[in-house]
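The structure is given below, and queries will be raised subsequently.
Labels run A, B, C, D, E and F following the written order; every chain starts at residue 1.
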Amino acid sequence: MKIKIINPNTTWSMTRKIGHCASQVVAAGTEIVAVSPAMGPASIESHYDEALSVPGILDEIRLGEEAGVDAYVIACFGDPGLYAAREAARGPVIGIAEAAMHAASLIGSGFSVVTTLERTCGIAWHLAEMYGMQRFCRKVRACKLNVLELEHSGSDAYRIIVEECRQAMEQDKVDSIVLGCAGMTDLCKAIEDELGIAVIDGVTVAVKLAESLVHLGLKTGKRGDLAYPLSKPYSGLLENFSRG
Amino acid sequence: MKIKIINPNTTWSMTRKIGHCASQVVAAGTEIVAVSPAMGPASIESHYDEALSVPGILDEIRLGEEAGVDAYVIACFGDPGLYAAREAARGPVIGIAEAAMHAASLIGSGFSVVTTLERTCGIAWHLAEMYGMQRFCRKVRACKLNVLELEHSGSDAYRIIVEECRQAMEQDKVDSIVLGCAGMTDLCKAIEDELGIAVIDGVTVAVKLAESLVHLGLKTGKRGDLAYPLSKPYSGLLENFSRG
Amino acid sequence: MKIKIINPNTTWSMTRKIGHCASQVVAAGTEIVAVSPAMGPASIESHYDEALSVPGILDEIRLGEEAGVDAYVIACFGDPGLYAAREAARGPVIGIAEAAMHAASLIGSGFSVVTTLERTCGIAWHLAEMYGMQRFCRKVRACKLNVLELEHSGSDAYRIIVEECRQAMEQDKVDSIVLGCAGMTDLCKAIEDELGIAVIDGVTVAVKLAESLVHLGLKTGKRGDLAYPLSKPYSGLLENFSRG
Amino acid sequence: MKIKIINPNTTWSMTRKIGHCASQVVAAGTEIVAVSPAMGPASIESHYDEALSVPGILDEIRLGEEAGVDAYVIACFGDPGLYAAREAARGPVIGIAEAAMHAASLIGSGFSVVTTLERTCGIAWHLAEMYGMQRFCRKVRACKLNVLELEHSGSDAYRIIVEECRQAMEQDKVDSIVLGCAGMTDLCKAIEDELGIAVIDGVTVAVKLAESLVHLGLKTGKRGDLAYPLSKPYSGLLENFSRG
Amino acid sequence: MKIKIINPNTTWSMTRKIGHCASQVVAAGTEIVAVSPAMGPASIESHYDEALSVPGILDEIRLGEEAGVDAYVIACFGDPGLYAAREAARGPVIGIAEAAMHAASLIGSGFSVVTTLERTCGIAWHLAEMYGMQRFCRKVRACKLNVLELEHSGSDAYRIIVEECRQAMEQDKVDSIVLGCAGMTDLCKAIEDELGIAVIDGVTVAVKLAESLVHLGLKTGKRGDLAYPLSKPYSGLLENFSRG
Amino acid sequence: MKIKIINPNTTWSMTRKIGHCASQVVAAGTEIVAVSPAMGPASIESHYDEALSVPGILDEIRLGEEAGVDAYVIACFGDPGLYAAREAARGPVIGIAEAAMHAASLIGSGFSVVTTLERTCGIAWHLAEMYGMQRFCRKVRACKLNVLELEHSGSDAYRIIVEECRQAMEQDKVDSIVLGCAGMTDLCKAIEDELGIAVIDGVTVAVKLAESLVHLGLKTGKRGDLAYPLSKPYSGLLENFSRG
């Protein structure tokens, strides 16, 4: 089975980290391919960045379909382009926010999200609503960290995130903490060990969900909203997105 | 005052029609500029098309900001890229689905949407939810028409749409019908005259809302989720979207 | 076009202020008539006051219909009698709470209401729910001011309101503040200038919405819940409300 | 204990019927007083009628307070003026729609309302929402009967209502039917006997709820939204509503 | 009329207290029988305890049906087994949380619950949602008291509960406080007298609701979800629960 | 890894079928143990049956904990005792309705449930609400089949279920069908092949979810509502449920 993880930003150090963490949780026969698109933003911290990451995601889906990929993970906590990607893909496509929130709802009564910048908190709440997970989401907390600070080995990022997670644990009446950025995937176990509460990283959960769905033969429904896009011309920079 | 209407698809016959209808409802001092982006899909009928229309919209917002535009209307019933556009713009940005639904909620207890393809009905419902208008939306009805059939003078599109509107009027207990495609803007008054029920075209309503907000000095909030995007590099085809 | 603004309380100093502010935002051809009913409470600060303001409102609607009024604004933040007024009127009827909340939802992710007495906060929440605006309303804050203190030139009202707005701005994660009393209409720009956040006065927004709907030919739906009241006898003090 | 039932319309034949039915369900020591106000509409079939019934209701509350009434029932299915009445009263005030819906939720998973005119269905749904009973309400059905047809002994009203109740029973998956008009109170047992499903009349349920609350010493809360109205002048026809 | 109150735990001192309080509020002809089941937990403080209390409750319902009981009250604030009990009973079955919340919604705009252990707060919220009472519930507060501490005459329980109720009164903007444990039934009036706010004990309200429903001839609906359980074998310890 | 599947009814032919289907989807190192409790109902078709199945489930959880089980699946579509089981277990506990609904929400916009008896439809809706899956659930359809008819090889059960699934596929605008009974687990692929739409069996999905959570180290949260039950005495038939 082949699962492609698309990190929608173009920061390959993050992509490699994501791919590494994902590889450690899959079954023997599951191949993980982690990529960043050839176009798009260096990090995703706004609706604007999200919107401009989607063409790259869809390009990677197209390549994945040609290469026989069985399932995809979109590895950005805003789950950008999730429905567009599902239209273009045959197999399942899972967002990491979606995966993490679902998992959290299975092991406890409530979770808080700890994410990067304040301005993305509304995006997380909107996702919680769309996935039906709002009733389990107690709070979305921002660390006031830029996404790329997670890539600087000398930064205070880890300590700041741990402290925000601690506050969530102590104040929000939660059973788990959902990490609100794909770039935090490598911190998950350390935070869990330090705090003694379940910490959920969407990357690894999404990969296991995707693997499970493929194993069960469940694919994206093609009878309704998520049918393949209709064939039509695309112009200008995006002309290569036309579908045969 | 300058209002820019962005038809997110690249079909200029539709853009001209939209611009013409919009021009007829604004005040003397209001200038209407209607454009299609230089890139993107010929019509928008899926999440995929929506996603690929957004870079073009954002490009037009950038050009508009440089040209001193006071407000924008996104003239596609899926309101693609609305929040990304709001981040990039100083003044108000109004979607036509948003505008039409708001207006319908002011003049009656309920409305139905009559749109093109079945597969876009879910998008309309999602918008109704996001705007708080779900409680007024009785039904979203599809005419099973492709968007571009609205541009063919010899097509049955008008009759098919009228008949679907008639069914909405007779079965859905509604006070108005919201036309679910910018390409229907020129049909609004004819349907209203034929059926005797309020028919709401989002293009003209959005233009009047935008004009009113500008007149009242109300701009897009820049203190939270809708602040200007952060400066960062963009790669590949999209490198020109980097912000200073 | 003739727009009638009904201040449902009988305090004419407030009515004049409202009329003055409204006149400044309408187009050249729009005539503003601002009135207080001949019966009712001096101010509206409870369900009881609201209920007793409605006969006066309906009387003014009747007079307006005879005088060919095109649209009405109910200028009290509880929007008293809105649906009854819509039944009795041919054209649109807009409440100022309704208008302000709608506008706030178009320019940002969230707003707080700053109103007069604590006991009216529940009314504001209920309106937010009815209009579908609850998802944008972060908080309803009371200044603990009586409505008529806004009419006393020497009162501390302005300072108290500004301070409550400042708290909303700093604590509620909002993009705008909605003023929760028609009597605050003249303070809007001053507060906005002092705080640097969008401050929304329902009176002026409602007038622009009403003007836009009339301009677009949109009237109150008469096919369902909002059809004209049935003809029947009324007794006692209210016998003159019988409809032919 | 003294319970005052206010039929908010001025049709005394209905008032007597309501009083008679109510008297049959109370305990030995409970006195029932059923009245119609001295002012208002002959029947209530719109928001307009509801609004104009409220001054008469509040007048009766005032008289009731002077006479030491312990609790009130508002006997019109729109529960007009319920919150205003609660502000003015010391003891509990119960609406018949409120009472009937609460009772229905205690004895089954769902109920349908069978009411008079189509145009009032929206009012019933709104009440269901306000009382938290929307999740139990399967459908609101109109018999297309004017309220006063229920007072004509030779009318087909009974048969028409039974048939609509039968449809509710057969199609709506309900455990009970709520009668949507105080004027149907005398038909309750006959319909129940004919159809073999629980039929709930709000008048009798409201009286028992009011009696129970008084017995338990529970009064309308006076600490918040429902505190007594503030003292202030009222003008014109309504000047007598001023409170000391 | 015979009303059976089932205290689902096996602590008879609490059962006697509940029976005593209930007896004081019913009409002359109403007989109260208060029992604890022959099996089950000594107190109920978790989903686990709730689940294990239900067989005992259903056993008491069976005995009650044989003895001609007219209605039942389940006297534990988690309302364990409510729907199962309704299936097995002919007459109404009322939970004390259900009763208290309904009553609170009739006399004010909001209530807070004051209960025993933190871990049961989620159960109370879930009940509020199921009964449609979530919109009236401002907060669920835990006293951090074990249920059985309420049975120790020398404990600080009363003082701790009063202090939590006081906080609810001062901070939660409520019109009443709902006591979140059947074992608090005897404290209700004392707290109300001390604090001067309505305090609602579900036991007495449930008894009055049950009495009212019986008086009105309203029984549990047997046409749908709450029909009698189908006849089938039960095995092991529970074999006696088989129904003829 | 050891996963225990608890079929809460005592019909071992169904238990074996469930165990067989589950065994076919797990990874090499995962051991499946499928059991029925030693006490309880032969089938589960009501709240009453559900309630009486829970002691047996909890007994099996206790045995499982002693035997080092890593995760549990409750294999009845009502997910009886789910929260009580989570309190008693260290590892994850997954219900099959929960699992199936979650999976359906990941591969499409909507699903319908096809279950056995009409009277259990309300239970399925309630679960959808509790899990946040109501927004994806289009309809719950009953086949009017008793659970045990699924165990009779000569019955028409398969054909009846297929026809109901076909109606769901054609009328409900769904991307998948969720089978609403553990006893249908062996029919899943045949129905999917016959109809050409995704058909989701909760047993196999729940097993894969449980396996994934264990693999990721995610356990039931023990800090809040789902902490281990407190130690206390249990009486009568249930005395063995006392926890040390």
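Keep in mind that, in the parts below, a contact is a pair of C-beta atoms (placed from the backbone, for glycine too) under 8 Å apart; a residue touches a chain by one contact, two chains touch by 3 or more.
Here the structure is a predicted model, which means the values were calculated and not measured.
Q: Treat touching chains as neighbours and tell me the shortest step distance from chain A to chain F.
A: 1
Q: Note whether the interface between chain B and chain C is symmetric in residue numbering, meaning over half of all numbers used appear on both sides, and answer same or different.
A: Both copies, chain B as well as chain C, present the same residues to each other, with over half of the numbers appearing on both sides.
Q: Select the chain at the greatest separation from chain D, using centres from the mean of Cα atoms.
A: Centre of mass proxy via C-alpha means gives A as farthest from chain D.
Q: Suppose chain centres are the mean of their C-alpha atoms. Which chain sits farthest from chain B?
A: E
Q: For chain A versus chain E, what separation do you get between their C-alpha means, in angstrom?
A: The separation of the two C-alpha centroids amounts to 45 Å.
Q: Between chain E and chain F, what is the separation of their C-alpha centroids in Å?
A: 29
Q: Can you tell me which residues of chain F touch two or more of the remaining chains?
A: In chain F, 109, 122, 224-226 touch at least two other chains.
Q: Quick one: which bits of chain B touch chain C in the complex? Just the residue numbers, please.
A: By the definition above, chain B touches chain C via 25, 27, 92, 94, 98, 102-103, 105-110, 131-136, 169, 173-176, 189, 192, 197-198, 200, 204-205, 208-209, 211-213, 215-221, 223-226.
Q: Which residues of chain A touch chain B in the complex?
A: 10, 37-43, 45-52, 54-56, 58, 81, 83-84, 86-88, 118-123, 126, 129-130, 146, 224-227, 229-230, 232-239, 241
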